[in-house]
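Notes follow once the structure below has been shown.
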Amino acid sequence: MTEPCRDFSSDNITPAAPEIMAAIQAANRGTAHSYGADEWTARLTRAAREAFACELAIYPVATGTAANALALAALSPPHGGIYCHRTAHIEKDECGAPEMFTGGAKLITLPGDGGKIRAETIAPAYEEAQERGIHQVRPAAISVSQATEWGTVYTPTEIAALAAFARPRNLRLHMDGARFGNAVAHLGCTPAEASWKAGIDALSFGATKNGALAAEAVIFFNLDLADEFEYRRKRAGHLLSKMRFCAAQLVAYLEDGLWLRNAAQANRMAARLAAGLETLPGVRLTQKVEANELFPVLPEPVIAALLRDGYEFYRWPAPEGTEGSVIRLVTAWNTAEADVDGLLAATRRHLR
Amino acid sequence: MTEPCRDFSSDNITPAAPEIMAAIQAANRGTAHSYGADEWTARLTRAAREAFACELAIYPVATGTAANALALAALSPPHGGIYCHRTAHIEKDECGAPEMFTGGAKLITLPGDGGKIRAETIAPAYEEAQERGIHQVRPAAISVSQATEWGTVYTPTEIAALAAFARPRNLRLHMDGARFGNAVAHLGCTPAEASWKAGIDALSFGATKNGALAAEAVIFFNLDLADEFEYRRKRAGHLLSKMRFCAAQLVAYLEDGLWLRNAAQANRMAARLAAGLETLPGVRLTQKVEANELFPVLPEPVIAALLRDGYEFYRWPAPEGTEGSVIRLVTAWNTAEADVDGLLAATRRHLR
Amino acid sequence: MTEPCRDFSSDNITPAAPEIMAAIQAANRGTAHSYGADEWTARLTRAAREAFACELAIYPVATGTAANALALAALSPPHGGIYCHRTAHIEKDECGAPEMFTGGAKLITLPGDGGKIRAETIAPAYEEAQERGIHQVRPAAISVSQATEWGTVYTPTEIAALAAFARPRNLRLHMDGARFGNAVAHLGCTPAEASWKAGIDALSFGATKNGALAAEAVIFFNLDLADEFEYRRKRAGHLLSKMRFCAAQLVAYLEDGLWLRNAAQANRMAARLAAGLETLPGVRLTQKVEANELFPVLPEPVIAALLRDGYEFYRWPAPEGTEGSVIRLVTAWNTAEADVDGLLAATRRHLR
Amino acid sequence: MTEPCRDFSSDNITPAAPEIMAAIQAANRGTAHSYGADEWTARLTRAAREAFACELAIYPVATGTAANALALAALSPPHGGIYCHRTAHIEKDECGAPEMFTGGAKLITLPGDGGKIRAETIAPAYEEAQERGIHQVRPAAISVSQATEWGTVYTPTEIAALAAFARPRNLRLHMDGARFGNAVAHLGCTPAEASWKAGIDALSFGATKNGALAAEAVIFFNLDLADEFEYRRKRAGHLLSKMRFCAAQLVAYLEDGLWLRNAAQANRMAARLAAGLETLPGVRLTQKVEANELFPVLPEPVIAALLRDGYEFYRWPAPEGTEGSVIRLVTAWNTAEADVDGLLAATRRHLR
């Protein structure tokens, strides 16, 4: 019997799921045309169209940062402005990749509870840009994280409200879906309802955190925007020569619903952890737990004791108006009940 | 018994070698810290230092284009000039990636037999830049392909002559080693002699064409130049979150000499094919066959017949001064004698 | 007798000062070597060294935006972060020029009273970057506006405190001196005390708003940072071929103190306007008036009436915590007492 | 009486023409709205539309390098390829400005007699790009210099042939018109015939070399391409705040034909010089003299003697197939017959 896992630092510490490994093995036979002219890549397009129930263009890339930055480069000119939340991954965690890939576009960051932006907070910034004309970057796009950096999930209605603001103003709507599976599993809606039906133009579709070995993709629902995207991907060094191995992962991820099963498991474990933490005196969740991330406030001595036990997690900046020490706990597709229960027991013990 | 392989179009159509797949499988156990803070990445550094017998910094990335463009961005300012051969991959096959990653540096292309550049051809361009001062980009680097785009191999002496030109002029020396293994296998020298001992500052170390699933790396022998490279890699979207899977491939590739065994097999098959072709009347090799690529002139009807047979290869622009239809044939780590002999037999048959 | 001027919208609506026009005329004789190899450019370097009492390198450019963006590109790598005030011109008014010239560096904006940033507000952002490592841009520089966008002036002590924070952390210190003359005239210190003696590495030295026709310059006090700057200027299209005409303006501006006389006049007129406004009931200045900009709160009907009178000025976003309608009034080197008194009289009349 | 001028190094060593200086003086009255919202800028648009007899958009900038690089950025995506002559100013003399402004597009250089490119030389490069697909940059534009770097002039028929190649392939046609006035003066056609009627989409319209103090402009005949150009100009630091002074120069240049009178004088002096040189034994012109540049071969001792006399000019790389020492001689709007005759006399003397 293995020890319960004590690493709750991220969902990118996980191995690849067995189904993904099997798909890679199966793809490793004989020759295959390079650069995506292979059967797995063709099959991926079919699988994605079926999963999203629409025409679309899908482009595998190696990382989520690449997916986001390339998508934004397709949506914004170098002199464009991109609205996003202050805590957005593209702003805080990608070392300026969006600025590099767009050729210098600006991220215009906005506040918002639970990591969400809303038309009401974008509007004043948009108005300022209109008044200032060419002295500021031209508003070009809105980017949302789904699930958000605070583990919450935009409803299709919330996305549609952003789209209703964006469309008449010629703003494109991008979704950083590094945890899109977790969001859809939470919402219980169709992938289509969570994306293009709500008005998303381009989606960074993440798989690595949720079971893949290394596979992300940019999906364009607005095919006009995909124009010349392949040039952009190539010159960014993200056109994999042995593409079949990346495509095969995404096919396995999509074709029989692995992505939603994996995400549902991660979400269930987060909910179990949340339910357990809420019963503990002195512990407080700062955000609704909707996907696979939790942001509890814990007493400092408890945090210290958990770290001594070998638990791993990040400290997190407290949301405005919150006191106390916030940590981030992340569950994943391979988190087991025993892992969650072990953490709860340890926390309970140290709280005494 | 399988059919002989008829695809000689490239070495990137190959599957992953069994040793590489086994290494990926072995790495797929439990959690591992992300972004390179894992044991495989640490082991890779040790393996690379042992293979090259020196201190060095090694940074895995997803593609050869990324390796080249990131390396050049570390060697040249945005206002720099980079000397390379007219046929260099960075010039002809990377869709402007070097220009993107460097922020607009210029590739200054030069002629040269066998895909090689020499100090004598760089010198006039360098002198022109000195005379024109700030009206031209500042000479910053020299980039060579090893093996070259014409399948030839620079000797350590040839590299050292370029370095002797570069050093006093403060030019950095980059090697695009997408087929570095093939070059070293041909030279029979040590990896050190083929790289840093000859004066190379930074090497794009390729593995994908030679047996890996998807693994390339930038190696800096000049550690000063590696300064802040990790920022560059991250913002280019080439810092893999589950780095262990890329590192594990490179470890397997390096640790017990798999890379040189695989390359030697590819080279042997190229030599066998060359020897066979040379015996055929009406066939002429336009280049010395030193690594795993051949550039024969074939009669048009033979080319057409081979294509009808299902053979795959690219037509290639004839080198200056050559008449006739040139094609490129590439062997790989998994090319079998039967594959070569099948192609030779078919060619012989069509020549009658 | 001319009408009093009613345009208080900016100091860039002004004509060129007579001394500047005379200098241009005087430079317009015979041939002169192009691109700065002329006697005026040489004389400019001498004049600047005398004015700042130090070794320095000075590079004329066409606009203040170019001066700022080029200076920042010399101070920050493309993966760098630049700390500045939320209202900084480089953030709000240059359409992403810093991002373009640096190759994608990020401006990290900070709050601060009176348009000033302080070490205390930079420190938490700097600490976050240290913790996040390569996932965020590397802190590279601090940029301050002098005078600030709110018309206030950093004291040498305040600048020195920023420098004391910057130096041990290897951050470069840039000053956007579009209104540097106004700041020095206010401080009554030497140009040296307001710049390099306080720790400034690079200064955007503005002249256009303060009497020139079109002349700005980047001054490096830290000569190491000027390395290769001429390449950057050239490739940005800011190396003027007939440089003498730009240099001649700056020589006339510097050589006999024209810049400080002009700035003092603008400041005096601002002080006169401030003194007058403060006596008016219902008018409130939101900022200390230290240079040549005022930010009063006026009743809406008064604003409307002044606009009807033909007065010109911008409405301005109210500083945090302030109620009421804020406008910006700017005086300039050619503002006359009659202009100020006319505006005061009109305001007084409309307040009744 | 003044000495004859001995500086034939360039036309950018000239002073500003008296008409230009007068226009600047006249514009220097009272306040004017900044950033182009002034009457001179409006008048410039009218003057340009009249001169070119069409709708157009004209954008003044500070330098010719900026005009070229900004125009190309409007015509090519960052992953685009731009065809130009090997000797083009954008390739040889702008320190990578096109690469910087486009975000990394590639200049694809072509040979051609007299500095001219033709559809026949572009076609193979274009075909190669079609075959290579996303592995090479996408063909985006053609750029010609008019007059060329070898002092020759494209006829409208030659331009139209390029346009006929470009249009069906969706390539844009740019003209670097640093010496457009000299070309039109030579052709004796209308400005319209030399530009949009022949198929030019965007023109870098030069004035500085031909009498202005510092004034260039980008003219779009294809108004769709001008979309968002003002953002590009602003973020490049080329939106002059006191725009009236640049616009006033261009108005004076255009409105009563000053540009063509000045150019005609420069051309006449070049023709006089050519006629004189052709009579000298041992002197040979390597190019047809059509505008204001000459490229004679002179005996080395004569070159040395002229330099000793104080004459100034550049040595120039000999065109392919030419032997001997080539120099470049440039006449300008202010070159006098005495200047030309002085140079001829000195050459004749030294030839003996």
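Going by the order they are written in, the chains are A, B, C and D; count residues from 1 in each one.
Here, a residue touches a chain if its C-beta (ideal position, glycine included) is under 8 Å from a C-beta of that chain, and two chains touch if they have at least 3 such contacts.
The structure displayed is predicted, hence computed values, not measured ones.
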Chain whose mean Cα position lies farthest from subunit C: B
Result of counting contacting C-beta pairs for C-D and B-C, higher pair: C-D
Mean-CA-position distance for subunit D and subunit C (Å): 35
Subunit A and subunit C: spacing of chain centres that average the CA atoms, whole Å: 41
CA centroid of subunit B to CA centroid of subunit C, Å: 51
Residues of subunit B whose C-beta touches two or more other chains: 78-79, 94-96, 99-100, 103-104, 134-135, 137, 231, 234-235, 239
Subunit C partner contacts - residues on subunit B that touch it in the complex: 77-79, 103-104, 134-135, 137-138, 228, 230-235, 239
Subunit D partner contacts - residues on subunit B that touch it in the complex: 78-79, 92-96, 99-100, 103-106, 128, 132, 134-137, 317
Subunit C contact footprint on subunit D (complex, rising order): 5, 7, 9-10, 12-16, 21, 24-25, 28-35, 61-67, 69-70, 94-97, 99-101, 208-209, 213-214, 231, 234-242, 245-246
